[in-house]
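In order of appearance the chains are A, B, C and D, and numbering begins at 1 in each one.
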Amino acid sequence: MKVGYLGLGRMGAGISRRLVDAGFDVVVYDVVAERSVELVKAGASAAPSVAEACRGRQVVISMLPDDAVLNAVALGEGGVRDSLPVGAIHIAMGTHGVAAIRALAAAHAAAGQRLVAAPVLGRPDLAATGQLGIVSGGDAESVAACQPLFEVIGRRSFNAGATPDSAVVVKLLNNFLLGCAIEAMGEAFSMARKYEVALDVFYEVLTDGLFASPAYKVYGRLIADQAYDKVGFATHLGLKDINLVLAASEAAQVPLPSASQLRDRLLAAVAQGDGDKDWSVVAREQARASGLE
Amino acid sequence: MKVGYLGLGRMGAGISRRLVDAGFDVVVYDVVAERSVELVKAGASAAPSVAEACRGRQVVISMLPDDAVLNAVALGEGGVRDSLPVGAIHIAMGTHGVAAIRALAAAHAAAGQRLVAAPVLGRPDLAATGQLGIVSGGDAESVAACQPLFEVIGRRSFNAGATPDSAVVVKLLNNFLLGCAIEAMGEAFSMARKYEVALDVFYEVLTDGLFASPAYKVYGRLIADQAYDKVGFATHLGLKDINLVLAASEAAQVPLPSASQLRDRLLAAVAQGDGDKDWSVVAREQARASGLE
Amino acid sequence: MKVGYLGLGRMGAGISRRLVDAGFDVVVYDVVAERSVELVKAGASAAPSVAEACRGRQVVISMLPDDAVLNAVALGEGGVRDSLPVGAIHIAMGTHGVAAIRALAAAHAAAGQRLVAAPVLGRPDLAATGQLGIVSGGDAESVAACQPLFEVIGRRSFNAGATPDSAVVVKLLNNFLLGCAIEAMGEAFSMARKYEVALDVFYEVLTDGLFASPAYKVYGRLIADQAYDKVGFATHLGLKDINLVLAASEAAQVPLPSASQLRDRLLAAVAQGDGDKDWSVVAREQARASGLE
Amino acid sequence: MKVGYLGLGRMGAGISRRLVDAGFDVVVYDVVAERSVELVKAGASAAPSVAEACRGRQVVISMLPDDAVLNAVALGEGGVRDSLPVGAIHIAMGTHGVAAIRALAAAHAAAGQRLVAAPVLGRPDLAATGQLGIVSGGDAESVAACQPLFEVIGRRSFNAGATPDSAVVVKLLNNFLLGCAIEAMGEAFSMARKYEVALDVFYEVLTDGLFASPAYKVYGRLIADQAYDKVGFATHLGLKDINLVLAASEAAQVPLPSASQLRDRLLAAVAQGDGDKDWSVVAREQARASGLE
């Protein structure tokens, strides 16, 4: 399969390398040209433009940081829409908003192309080792056509539904639930501190039992240790995602009080200068309100 | 060790049976006399009153449904305080509030007795098989003295801190975090439904990854299936526990917005007649607000 | 009419003086005996006990600081219930909770007495000049019997409903709405500050138009000036009232999200050492979260 | 003064007529040509385009329904920016968002023009009679130049600050505070109903005392009567405004929990089919959650 790959950040570099190593014909592009060097050594071709990375490809994958970049790359002049062959598939793997993905789907449909949204679950280390989760959304035939790629990229793929936005929403809700768990832990640890509970023991109780899962183990640890400088996911990025969640909830007319609360907490963290800390720093905001800082 | 056991509901029956089978000298009491029959067959003695179940015992364990019953049994005339020998230990294993446990600790101290709070994590089936988690709180010597009992009763015990209320707070916060996870899932599933996401797939995504733990597996399933009649923990009991959480947060001056939100959601469920449903029915309340019911 | 009067704090002193001056036969009692001196000079009799202040009276009025004192004075040994003649009326004018008032109503009914709740609107200066608002609740006949007293005490009286708790709830909700207005202004003024709006102008816009009323004029001024040391109503008292509101909402199964939010805000203010400031200090808590302090 | 006037809806018709009657040289434009007829009879000229309404004018006033229309009219080809003389002033009187007004201010500055934001307080009947409040924001000289117009248009004008967005924010916050008052009343009336309080009496208590102002009188009446079909301001417009408030709070890093709560409540009302009702219908949403509907 002839594949184009747009966006060679840490996630994109890992994913595209998996495809090259698996023997796919891959043309890569990034606005920072040096990011292609290693991939070319591994067997990829480097394109000088988005348009060249799309020309003649059956599939083009984008892994881009936000909706603005996606819009520019996909819908700008000489972008994916203008360059991808009729019938070809654009797989959008970044974390995007519902409105952007819906507009993109419509634009591709008008150009005779197809859109599959396939956001991923996992960090760059999992991308490099093919251990990502992949959540796909789109018409059944298009998603099926992408399956050989998904098998190389990820540990497991999930088909969220018949529209690209179904996959987008699953990814956003996964992040939303993570944010809610962090917020709840932040509140709980503040109260535990006030009652002089041994925090390590509290952490053990949680992660030994009902909450024996990565969300609580990773973020519970950060909160117990107040180690907000270990940035896995920055506050301002968390705020961006929660804003996408809120926008999606508005479009679907779903009140989402926990997302609103999270927004306010993240915003408070940003207002107090913690925007570049790990987003678990919302726990500090709670501690402040409790008179602990 | 000479043990008294007060309260032979489903949890208490399982726990006291473990102690009998392990060879402890156990005197049991419950306001419903028939509940003692099986235990007596297994080797326990049945006491005709709280006082008789405490007399001459080194340890008395209570497993009672709420603070009111605990107060009556422990502090009423002829209760534990009046009957337990000086130096003996009262282990309170029920889920109680901070104020009740603090008052109880003071009363026992005044009578020369000791209080260890040791609420448990797990349902009756785990109690019967010795698989409970036990969270203990109290002075180190007293907690150590209870350890032989804990080893028979539970899979693992955790020492939360040097005061009984430290254990109480850990148990309450564990329930609080569970309630928060349920509320967040309720919101998330409503949005997933509005975007026509395949709910089983959404459930798989969550429980395969960040949320691969009992809290999400058990309650995510109930919410995905809208199976609120499968009552693991009733709404009105959830409300009771969240009110204990809120009271504890007030005593410690910790604002706890997620607990407040949960209170309102549970209260709304009760107001609409769902007080006897499983407390995951807060998801239905969210669905209502989203125009889905 | 023979009247007993219990509780001669700043409100009670003003109200009872109005009754004395209007020619009623008034026996007063306060736990602090000196508080009766001025009233006796004006024509009242001073009783040495609650019981003596109730004996032979057709009406006894209580104006007490909280539910605990009300319970002690009304239901303790030698209290109002034990001393008031059959058929006589107890008018409870303090701000009390629904549960306390319901229990009191039941106790008086069992003793053949009657309860009218009649909380007042206004501060001591209005009490002294007969300018209070009075919100009464109770059976129609009893309320009618109190009317001659209300006419002397207040500028206007309102009959909230046929039960004492209807009046209690109106008073609590009035305070609740005030707290909500304060919270909303706190949020608004924080944003105004961030946009470098002239705060006096903002205050003028509000109080010249939609919000030209005492609640906004008085508290908007305090917030615009950050003058939280001018204590009209202390934070810890505000918290007490909001807790009464929340308890009443629980009893009636009414989720009350704005009260929950207010509770958390007031609790945060207390946690940060502002419990003795005016309760408009919740605006400072909002300013903190906005990075303004 | 030579004035252009863009947007002749109910507000714009009233305001522009005031200017004509006061003797100003006014050229009007609306996308619906008939809206100019009455004004031309009164002495205005009708322009065939935005550009013609701006040409040679010292001031052009826009009164447009939302940011999208403002952007099109002001920044589209042949729009205000393209047509207004250097040095002239654009007075934006609609209710707009901070981002739109900031972008507009920058565009006008780049074109050598000036922007004054001057949103108004009041409904069409007040516009027709010159009884509006006007909140202006902009550099002092420009605002001073507009004063003769404001004197004809309004009862009173307020200068919010030295930037156009200061005025925008005051107007948005005014609406925000109104929404908060409505939400709080919705909660309070639900509880009053549950306690069988006489609702008219409750209304009287509020509006006789702390809340004797239009916000509470007008909306308290609607809520007491559940008269949500009397649409003063529709739910979907309220939601639009609250979203502008939230966007402004995000830009300034101000968490605004009451706005978030209001958003969710309004969204729930829309989800349940009440989007075209008066925005006081959030009280029905509260009643639903309380089991009253």
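Here, contacts are C-beta pairs under 8 Å (C-beta built on N, C-alpha and C of every residue); 3 or more make two chains touch, one makes a residue touch a chain.
Small disclaimer: the values here were computed from a predicted structure and weren't measured.
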Classification of the chain A:chain D interface as same or different, half of numbers criterion: same
Most distant chain from chain B by Cα centroid: D
Separation of mean Cα positions, chain D and chain B [Å, integer]: 53
Distance from the mean Cα position of chain B to that of chain A, given in whole angstrom: 38
Multi-partner residues of chain B (each touching 2 or more other chains): 249, 253-257, 261, 264, 268, 271, 289-291
Topology of the chain contact graph, where touching chains are joined (line, ring, star, complete, other): complete
Of chain D, residues touching chain C in the complex: 98, 121-122, 133, 135, 156, 158-163, 165-166, 169-170, 173-174, 176-178, 180-181, 183-185, 187-188, 190-192, 194-198, 201-202, 204-206, 208-216, 248-249, 252-259, 261, 286, 289-291
Sites on chain B touched by chain C in the complex: 243, 249-250, 253-257, 260-261, 263-265, 267-268, 270-271
Chain C to chain A touching residues, read off their complex: 264, 268, 271-273, 285, 288-291
